[in-house]
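Could you have a look at this structure, given as structure tokens, before my questions?
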Amino acid sequence: MNTGRQMTLEAPSIYQPIMLSILEITSMTEMEKVFTIELPFPTSLEHRPGQFVQVSVLGVGEAPISISSSPSRSKSSFELCVRRAGALTNALHALNPGDVVGVRGPFGRGFPIERFRGKDILFAPGGLGLAPLRSVINEVLDDRSNYGRIIILYGAGQPVEMLFQDELQEWAMREDVELHLTVDKPDKKWKGNVGVITTLFSDIQVSPRNTVAITCGPPVMYRFVLMELLGMGLPEGNIWLSLERRMKCGVGKCGHCQMDHMYVCQDGPAFSYAEIRHLEEAL
Amino acid sequence: MSSTKPKIAFFDFAGCEGCQLTVLDSLQTHTELLNAVEIVQFREAMSERNDDYQIALVEGSYTRPSDEVRLQAIRDQAQIVITLGACAHLGGVNAVRNAHRLEEIKRYVYGEKAEVYEAASARPISDFIQVDAFIPGCPIDREEFVRAVKSLLQGNLPDIPDYPVCVECKLRETGCVFLYGKTCLGPITRAGCGAICPSFGVGCEGCRGLIPNPNMASLREVLSENGLDEMRVKAKMSLFLTNQIATSDMEA
Amino acid sequence: MSQTLQIDIHHITRVEGHGNIVVDVRKGKLVKCDLEIVEAPRFFEAMLLGRPYDQASHLTSRICGICAVTHGTASLKAVEKALGVEPSEQTKRLRKLNLFGEMLDSHILHVYLLVAPDLLGVESVISLAQTDIHVVERALRMKKVAGDLCAAICGRHTHPIAMVVGGFTHFPSAEVLESISKRLEAMRTDLDNAVELIQSCQLPAFERETEFIALYTKEEYCFIDGEIMSTEGGPWPLEEYRSITNEHMVDHSTAKHARHQRQSFMVGALARYKLNHDKLHPKAQAAAVALGLTPGCINPYMISVAQVVEIVHCTEGAIDLIQQLLDRGVVSEDPAPVARSSGEGVGACEAPRGTLYHHYEIQDGLVSAANCVIPTAQNLANIEADMRAWVPQQLGCTQEEMTMSLEMLVRAYDPCISCSAHMIKVKCV
Amino acid sequence: MIAKILPKHALQNWIETLREHYRIIGPKLAQSQFIFGDIHSADELDLSYPTTILPPKKVLLPQREDLFHFDATGDTHIVEPTFDDEPTVILGIHACDMHSITLLDRVFERGTADQHYQTRRENTTLVSLECIKSCSEYSFCKSMGTLSIPEDFDLHITDLGDEYLLEIGSNKGVSLLWNFNEVREATDADFERLNKVMSEKWSHFTYRVDFDITELPALLSLSYDSKVWEELGDRCLACGACNIVCPTCYCFDVRDEVDFSLCSGGRFRVWDSCQLDRFAVVAGGHDFRDARAARQRHRFFRKGKYLTEKYGVVGCVGCGRCAQACLVHISPVDIFNELHRRRVPSAATQEEILA
């Protein structure tokens, strides 16, 4: 189900972006910046965690970007965490606060968090995968009493590549969050775990029936993380992923994001493993 | 978007200079080009010369050892090196000679004076220096050149299609030349020319180079099914693709 | 006045290809005065060896981006002669029209974008765009008509597509031809302006007797069919091109030099004008009068003026030819068939910068010997002879003035050095 | 049924009348093949055309279509969507192509409606044409159940020899005959002639799929891991021609263009093809469908299963264009038949074999 597409529904064309100003730009790492986009009253985003928007720089192009801020914190603005990967993202990185970007959306099916209530939640983002999961994490933290344990296993290439370091600090301080970090290549100051994200799994014990796992990361990561989660005994329906595909329209027309009969832009990008396990083209 | 105009310089190596001419021709429909960039070297059209440039557009093939020094100097100065046309991108038609022994062709053309002339086999520029992008074609496509300049102004490298000529051929509804008993390299050749050759009744000759994953074996079969013997297949594929096919055969 | 002067113009700009002028004057004496061709050799004749004959024109059009249509056409004519192909009247008309387009394109480029900056005292067309954008716009407008004319017939001007042995693979529609004809007619105002522009410019007064050679027919101002004619004899059949061009090697150049009756001869617009002037279109005749060009002219700087006259002639010629084509209706026809698979033939055309010969021997459909004689190669000796005569006359000038006048002299010939940068050991037996 | 009779000699006048209000598109000869193109006079139109290179899809979803223009040279960013509402008549659409338009209609109105398609569609009048003989040696519409015209025509033409019978399917169809008095009411005799044409036509369509096409989705489900895909992958040139010429392919790419100010320009879409390299590549270079075999499978699954399941109409209308365009002779009929021949035997038949 798509919910609250207020912004897009207003436009005469589904392909027409709404022009919004950038309030703030924060450099995260060499490759990633966080853009805070202003929502002029009374425009609302009303997204679900896990949904994405199509972001435009007019004249350069458009790309799907996950909404990184949680619905609980996106009232008059929302946040996008963007990695420099090509034409559009390069152009975004060249912008300054006050510049405008085009936005369409939100699109897709986010995570069904109401169904996660009362459960323990295990987040396993890799690299840029934290961008969409941060939305869920903060949503859950802002409604902390309704959930059980919150475990976050986050892996990045190097310590300097870790995203949202301020928030990681905060989460680390919290009693009610179990945060475990790892890097592939440590630097001199790194005291934590070294190794790929799957090396963190041995440190934790979960009650499989009552745990929902949410993972997002580069294509190669999924297979290994899934192996761990299934190995822990999590039911397939409790494992959630966010998938990336090439997308040109966001509304199930352009065909690029199709995997077997599913359209990632509409049926996803959030999927339970049970839904996609049989699809050869999914992972 | 930067407000200072990028400084562009043109360089020519072995070629017919048709690509530089096409650049001049693009002014016919895009005079704004003159204001958008600062051309600091363009020997074919201007006497002024200035070695302070950021973008180097290199036309023509490497054909002799002394070219290497010039190329290195260009690479050292330029932030972005872009090849212009098939000669620079692939070795172009110049590479047809690679099929012959160099000494023989030198003697054929220059007779007893052959020794005076420095020559090597014709190679793409990217064999010698790192090339950031290429604008393919023999000659380059005017509109593609203009789009490439705009991409550069936007801070991106030009986006050159990597799908085959057949796509454009079908999009413009040209009757496939195979139906008229002709043969075509469209299925393995990079589009961007608007399938101009098929649309003028001639099969594609491959001037824009191979697409990233061409099905060579299958195309060879199509060509032979359509009446080309091995010698003619070779002749067809070696007009522009000598260097690329040599590489892909080596990989195969 | 005794003077020491060394000029070394490395890579003359605004010509096609790479040439160096080297002048060495020691104590008022000319020690050295050469035009060096330093183009990387491209070996086209050797490249043709073993190639199917139907690839020859597409391959050789790549000799030069400016006279690609002429190379393609001369190549087709050589193959057709060798294989006994008799193209239709329509093919001949279309080819002629196409050559008019190329002649216009090249002459406009040369006169406006390459020569005019000298005459108007600016460094290049790029600076000219700053000082007098209208002149540049006019040139680009005219050039576009010429380019579009070629594109309508053969797909594009640089490296024509639709020209094949025996005919064409694509035919312009009546609408397209009509619209081009209208644009050519509309170009007449621009032509008047072109004549005015050149009228107002001062060309150096340098004269030197030499021999002039061009293709010639009785019927028309000849570009495509015809025989070889000289101010000192002729006509001779094309097959005798070798004894006329007499190419020989010189030390300082990758290009071969040519000589006929004298030490050197000139080909190109001025030669054509001198040999064919009586068949010019009346409007072109009038332009010649207005510009002070006479058949007796022996000033090489006047080549550019002859080009302007030809621009008028080709425009009017193209309008007339389009009318003829429209009257008869352009039909889609298959190329004329080849009569045999082996043979030998010479084909020639007037390229913008002079007579161009292609000579092939074909065996079983494959080229077994090839020779191309390019106009600039024929002119090189003449350019040097001009320089050697002209430098001593200017010894009073500054180095700068001398450099300028020599560059202008070379540029007047409109050299297409990349084409001429190869020579021939002919072996067509 | 409401029907009119248009004498063939009156076609020219009809087209002239229509041209006053509509852009007319119809089958006509270009070089030596047929295309849907602008019709200015009756002699350009050829209603006995075999098949066209591109389907009439190109009118409703043009190869390149502007989505919006923008201008950011001033202080405010102006974004202006572009819709094409030029009243247009497409004349002479074969039954298969009519079925494909039914599919496109559903694709572009379901879920999020595509206003660009819809605007054009609403302003387009479809004049279909009864197929009396097979339009090319490659077509197999009869097998696909697309040889009978679907309901959503505005006007439907049947060639009765010296006259055309025009069935009226909608008010849009009525408008085409508004104020045109060279047609007459069809009589019983005319309907009899129509019936004769209709009953005689079926035997002219012979090229076919060997099994009942309603089995196709199930057959494909069984054939996901078939060797056939590998074999196709080896042969396929990945030239994309099959997708481009297909009336039921609608995937597109979206691109921007700017003028030299870099601040104004537009966004447009162009047809894309799932057989091409960049189609499913994401940042970082991972290609989710990198093998030609997988791409061919995807294509045939879309045609034979996914679209049918999602939109309730066939995804391949049997026009044969892709087979004609394919230089390595990949044809849906052959593929479907081959899959059927090699299908995994069902439990029952296996038992029979063993028994």
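Labels A, B, C and D are assigned to the chains in the order they are written; within every chain, residues are numbered from 1.
Convention: a contact is a pair of C-beta atoms (placed from the backbone, for glycine too) under 8 Å apart; a residue touches a chain by one contact, two chains touch by 3 or more.
Nothing here was measured: the structure is a model prediction, and the numbers come from that model.
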Looking at mean CA positions, which chain is nearest the middle of everything shown?
-> B
Cα centre of chain A to Cα centre of chain B, whole Å, reads 42
Distance in whole angstrom between the CA centres of chain C and chain D is 52
Please compute the C-alpha centroid of chain A, do the same for chain D, then give the distance between them in whole Å.
-> 39
Once you find the CA centre of chain A and the CA centre of chain C, what distance in Å lies between them?
-> 65
Two or more other chains are touched by the chain C residues none
By the touch definition above, chain D meets two or more other chains at residues 257-258, 262, 278
If you look at chain A, which of its residues touch at least two other chains?
-> 59-60
What is the shape of the graph in which nodes denote protein chains and edges denote touching chain pairs (line, ring, star, complete, other)?
-> other
Chain pairs that touch, as defined at the top of this document = A-B, A-D, B-C, B-D
Would you tell me which residues of chain D are touching chain B in their complex?
-> 30-33, 35, 53-54, 63-64, 234-241, 244-245, 257-260, 262, 270-271, 273, 276-278, 292, 325, 327-328
So, in the complex, the side of chain A touching chain D is made of residues 8, 11-17, 19, 56, 58-62, 83, 85-86, 89, 100, 102, 218-219, 244-246, 248-249, 251-256, 258-261, 266, 280-281
Touch list for chain C against partner chain B, complex | 11, 13-18, 39-43, 45-47, 49-52, 55, 58-59, 62-66, 68, 109, 113-114, 117, 123-127, 129, 136-137, 140-141, 143-144, 147, 154-156, 158-159, 161-162, 164, 168-170, 249, 254, 418-419, 422-425, 427
Please give the residue numbers of chain B that touch chain D in the complex, ascending.
-> 1, 30, 32-33, 35-36, 147, 150, 153-154, 162-164, 166-167, 169-176, 178-180, 186-188, 211-213, 215, 217-219, 221-222
Parts of chain A lying in touch with chain B, wherever the complex brings them together | 59-60, 87, 90-91, 94
